[in-house]
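These notes are about the structure you will find just below.
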Amino acid sequence: MTLTASRTTSPTAPERRQKPPRKPLNLQGKITGIIVTLIVIVQVYPLAWLFITSLRTEKDFAGGNPFALPTTVTFDNYARAFATGNLGLNILNSFIVTVGSIVVIVFLGMMGAYALQVLGFRFSKLVRALFLIGIIVPVQVALVPLFVDYAAVNLLDTYQSIIIPLAGFALPTSIYLFSSFYEYIPGEIYEAASLDGAGPYRIFAQITLPLSVNTMVTVAMVNSIFIWNDFIFANTFVLTDDLKTIPLGLQNYIGAMGKIDWTATFAAVCVSITPLLLVFLVLNKAMTYSLASGATKG
Amino acid sequence: MRTNRARLAIAAGVAAVGLLLSGCSAGASGNSDPTNVDPKGEIVPREISWLLSRPADGGVITAMEQIADEYAAKHPGFSLNLITTPDRPSYIQKYETLAAANKLPELFDTDATPFAQKLAKQGKMMDAEALLKDLGVYDDYRPAALNYQRFDDGSLYMVPFEFQLEFFWYNKALFQQAGVEIPKTLDDIPAMCTKLRAAGITPIALDGQDQWPLERYMAYYPFRTAGPDYVEQLKKGDAKFSDPTGEQAVKWLSDLGSAGCFQDGFSSTGYSDAQASFTSGKAAVYNIGTWELNSLATDALDPSVRDDIDYFTLPVAKDSVTAANEYVSPSGIGMAVNTKTYDPLVRDFLSFALKRYPEVYAATGALSPTTTVQTTVPANATPLYQRAVDQANDVGEQTAMPWDTQLDPTSNTRLQQELTLLLQGEVAPDEFITTMDGVIADNGPKAFK
Amino acid sequence: MLPQRSRLSVLVFLIPPLALYGIAVLLPIFQSLYLSFFDWDGISPMLFVGIDNYVHMFTGDAVFWIAFRNTLGYVVICLILQLGGALIVASLLTLLRRGREVVKTLYILPAVISTVAIAFLFQRIYSLDPEGLINQVLEFVGLGHLQQAWLSDVSTVLAAVSVPEGWRFTGLYMLIIYAALLAVPTELEEAAKLDGASWWQTFWRIRFPYIRPVWITTTIIATTNALRGFDIPYLLTNGGPGQSSELLTTYMYKTAFTSTNYGYASTISVFVVVECLAAVGLIFLLLRRKADA
């Protein structure tokens, strides 16, 4: 359903950056520029504020005007952030969970799409519909049952306990993305390979897989943002400090009785954003493209 | 795909999990008896864990870390793994889910909640009274500290590690400026607020975001007019908010709201902001316990307000059945000992730790739950510190229990929500009473079966 | 289809993803259904109660209906912010001659921040005492009388918890719509302009119909995402004050993990599943029908 909708317009259409200038409406252009700038400021200002606050002294933050520029710049907050929490470990855990889930999502997604789209079988429509449920149904539905199941099979408080639902709920999108890509692989390629005596496994390994690299990147990127920041599964299934991911690590800055060391917390937030932000900025082009195409096809 | 078979398989899976669950929940696989506090056998050092909800750098944890190191020096192979979740709601969720998963560690923190009582009834927690008596330390404890931990039937399953007094801290200069006196009775408070408001002062700084501070105010009036019994009956549905006791209390709360006692937007004000509002001289009153002595009675306090700060204790009410020296004096969240994992090592460690603890803990400047030691007042303390410490010796026998440890969780959540609405004037007192009586009737009796 | 596929090879490729999906998604849905007929606190034996939970939910639980209403409000606000904002910014972006890439990058930046951090951030932005960003801006532009504690007021809190969610993902939807807008053939628009159509007419008659399929997809994604909304209300207000920002998801979560009422929480889950399937079906029908008309 979502698939057919998106096929009509491909977001891959090359950007026509050098459009012939529409009537030289200079004023209109300027106004547009100003509006866009304002909107971008609204969008980005909170982030800048977050960063500035992480450099403030506690007194400056509590007593002074928290939205003015800081009177003095301090890195104490970062020292406290690292002393209070376990940021390194949290980042490592987030990394493990993200990479683990992405590997599962990408490979199982490819396999599922291969079975549905390339191999094909009688009830493939039904299976597709089944997978659609996972896109529609909110993840929270799985919390209680999974908690109960994990308790029964001793999986609580493991990496798997977070990876399973994260991957499971992302799998349908991944399958749809891969199958919409496989649709465009011409049948002749497969026929030729078949004539050469290649079976379904060899075709998968030697043709489909290498062709899928772009889609793999798309799937990985779309999901990384969501998984890196997952709160609800980690919050429900992780019980000890050793496995806490970044969002849970940040929660640790809420102290007894609800006391919060704000400036240190913001320093921790800044640290926790950095890895993903770096990846995002470095892979900016690929990322924005992936998000657009990934989301449309999902 | 053969859908029918698949459906069957799923149904079977569901049923199997269901069976597993009922199997799990029917009986703990624990092997010991909650009253067998001195099991036979050899002491084999190993790592034991304590799931707790206390500040990471606070006195309890630093003291216990030191004690565990001392014990480990004599018992190589021993270590104490302290897993703390200071944020209480997150902690409770974690501990209750671990209990459901039957995965609680050797030691875990809990208040005397209905949930804990269920665990005790199922034999999952060691009998703390028997344990403390057997270790010969039972009589060292302040009776109030132990009473705070007891269930309604008087049984004791948790060991206290703290002793706190909750005061109304106030700013003398602001009181003078507005021409108000320390309230003599609870009924004086709304008038006090009106006057402070008129003078442009925030009357009471309240951390409304964390819910429990506001819920304290719910407990105050009934504690004065009816004593601790009221909430014990209320939570089971045996007493009602529509009783005169409840009605008066709700009326008083509603008066606090209409007098603007708490700062605007209190329900989204956090702990630190509320405290900052008081310590920066903006708010006149702040209701908090002695765990904040370091912020309120040392030179950590802003010099501009340092000399103006004092405290008073919970005012009485007309026809009070509880005395002025009886108020909220919690001994903190208690430590329960898991029956399933209780063995000679746990006993031996607890024996060592509980005897050593008061001295180490009191040296951090905190009030010990025992009467055996003197609290070391820190060098940078203001005179108020010593006075607060001494006040602990003057506490009466009955203690006002915080309601969040008393009600069943569903009623408690709803009460917290409705209290905010009542204080903000969004619901009328009689609406509040009807709603809450309904919610408790639905959930209370069930929880305390 | 591959000519030489065997039944076995289909199974080899299909079983692993289906198994994971079954364990993580399908089985829990069935289990919720199963648990919804029980009264269970996690530590006592399960008690079969038939449809009592459903009866209670539909007839005896005021909070459930408040949460349901709030969920609808939350979805509407998120959709307006995300889709409306996305459409406006994407359209403006096509008019821009320089800096499109920069704008795109900056605009999508909030999406990389975890919801826990966003909750911390917005707690400060909405704050009244100390004065948060919004209240300061209001004061600055001379609207000081509008200052208030946005998260404390029952009439503003639902919007206040929806805004961060909208803010966070509007960039994502903007990218999608922008890509779709770029694909609209310029010739069509030029022709319409020559016929004297205003910008607005061109937009509604030419551009929008052209991107309608993408619009449907985006609406569905945004709706299902909004229906999943949980983190920000849970962390920012925990549903309060009162139940003013309680969503079905947060209510279910609290019922399960605070009240340890797993049976009733599952009942709410079942309702949420049905609600989401219905919502998506409805959107699809509505937007499709319009497209056909």
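Labels A, B and C are assigned to the chains in the order they are written; within every chain, residues are numbered from 1.
Quick note on the criterion: a contact is a pair of C-beta atoms (placed from the backbone, for glycine too) under 8 Å apart; a residue touches a chain by one contact, two chains touch by 3 or more.
None of these values were measured; they are calculated from a predicted model.
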Please tell me whether A-C or B-C has the greater number of C-beta pairs in contact. A-C
Which chain's centre, taken as the mean of its Cα atoms, is farthest from the centre of chain A? B
Could you tell me the distance, in whole angstrom, between the mean C-alpha positions of chain A and chain B? 39
So what's the Cα centroid distance for chain A and chain C, whole Å? 16
For chain B paired with chain C, centre-to-centre distance based on mean C-alpha positions, whole Å: 37
Please set out, as single numbers or ranges, the residues of chain C touching at least two other chains. 26-27, 31, 130, 257, 262
The positions of chain B in contact with two or more other chains are 17, 21, 97, 100, 270, 276
Give me the residues of chain A that touch two or more other chains. 62, 121, 127, 145, 148-149, 236, 251, 262
Chain C - residues contacting chain B, complex: 22, 26-27, 30-31, 34, 40-46, 60, 63, 123, 126-130, 148-154, 237-243, 254-255, 257-262
Contact set on chain C toward chain A in their complex: 1-7, 9-10, 12-14, 16-18, 20-21, 23-29, 31-32, 35, 89, 92-93, 95-97, 100-101, 103-117, 120-122, 124-125, 130-133, 136, 167, 170-173, 175-176, 178-180, 182-183, 186, 210-211, 213-214, 216-218, 220-221, 224, 227-228, 230-231, 235, 249, 252-253, 256-257, 262, 265-266, 269, 272-273, 276-277, 280, 284
If we count contacts the way the header does, which residues on chain A are in touch with chain B in the complex? 62-63, 84, 121, 123, 126-127, 145, 147-152, 156-157, 235-236, 239-241, 251-252, 254-262
Chain A to chain C touching residues, read off their complex: 1-2, 4-13, 15-17, 19, 21-22, 28-29, 32-33, 35-36, 39-40, 43-44, 46-47, 49-50, 53, 62, 65-67, 104, 108-109, 111-112, 114-116, 118-121, 127, 130-131, 133-146, 148-149, 164-165, 167-169, 171-172, 175, 190-191, 194, 199-201, 203-204, 225, 228-229, 231-232, 236, 246-248, 250-251, 262, 265-266, 269, 272-273, 276-277, 280-281, 284-285, 288, 291-293, 295-296, 298
Flag every residue of chain B that touches chain A in the complex, lowest number first. 1, 3, 17, 20-21, 24, 53-56, 58, 83, 85-88, 90, 94, 97-98, 100-103, 207, 209-210, 212, 270-272, 275-276, 280, 291
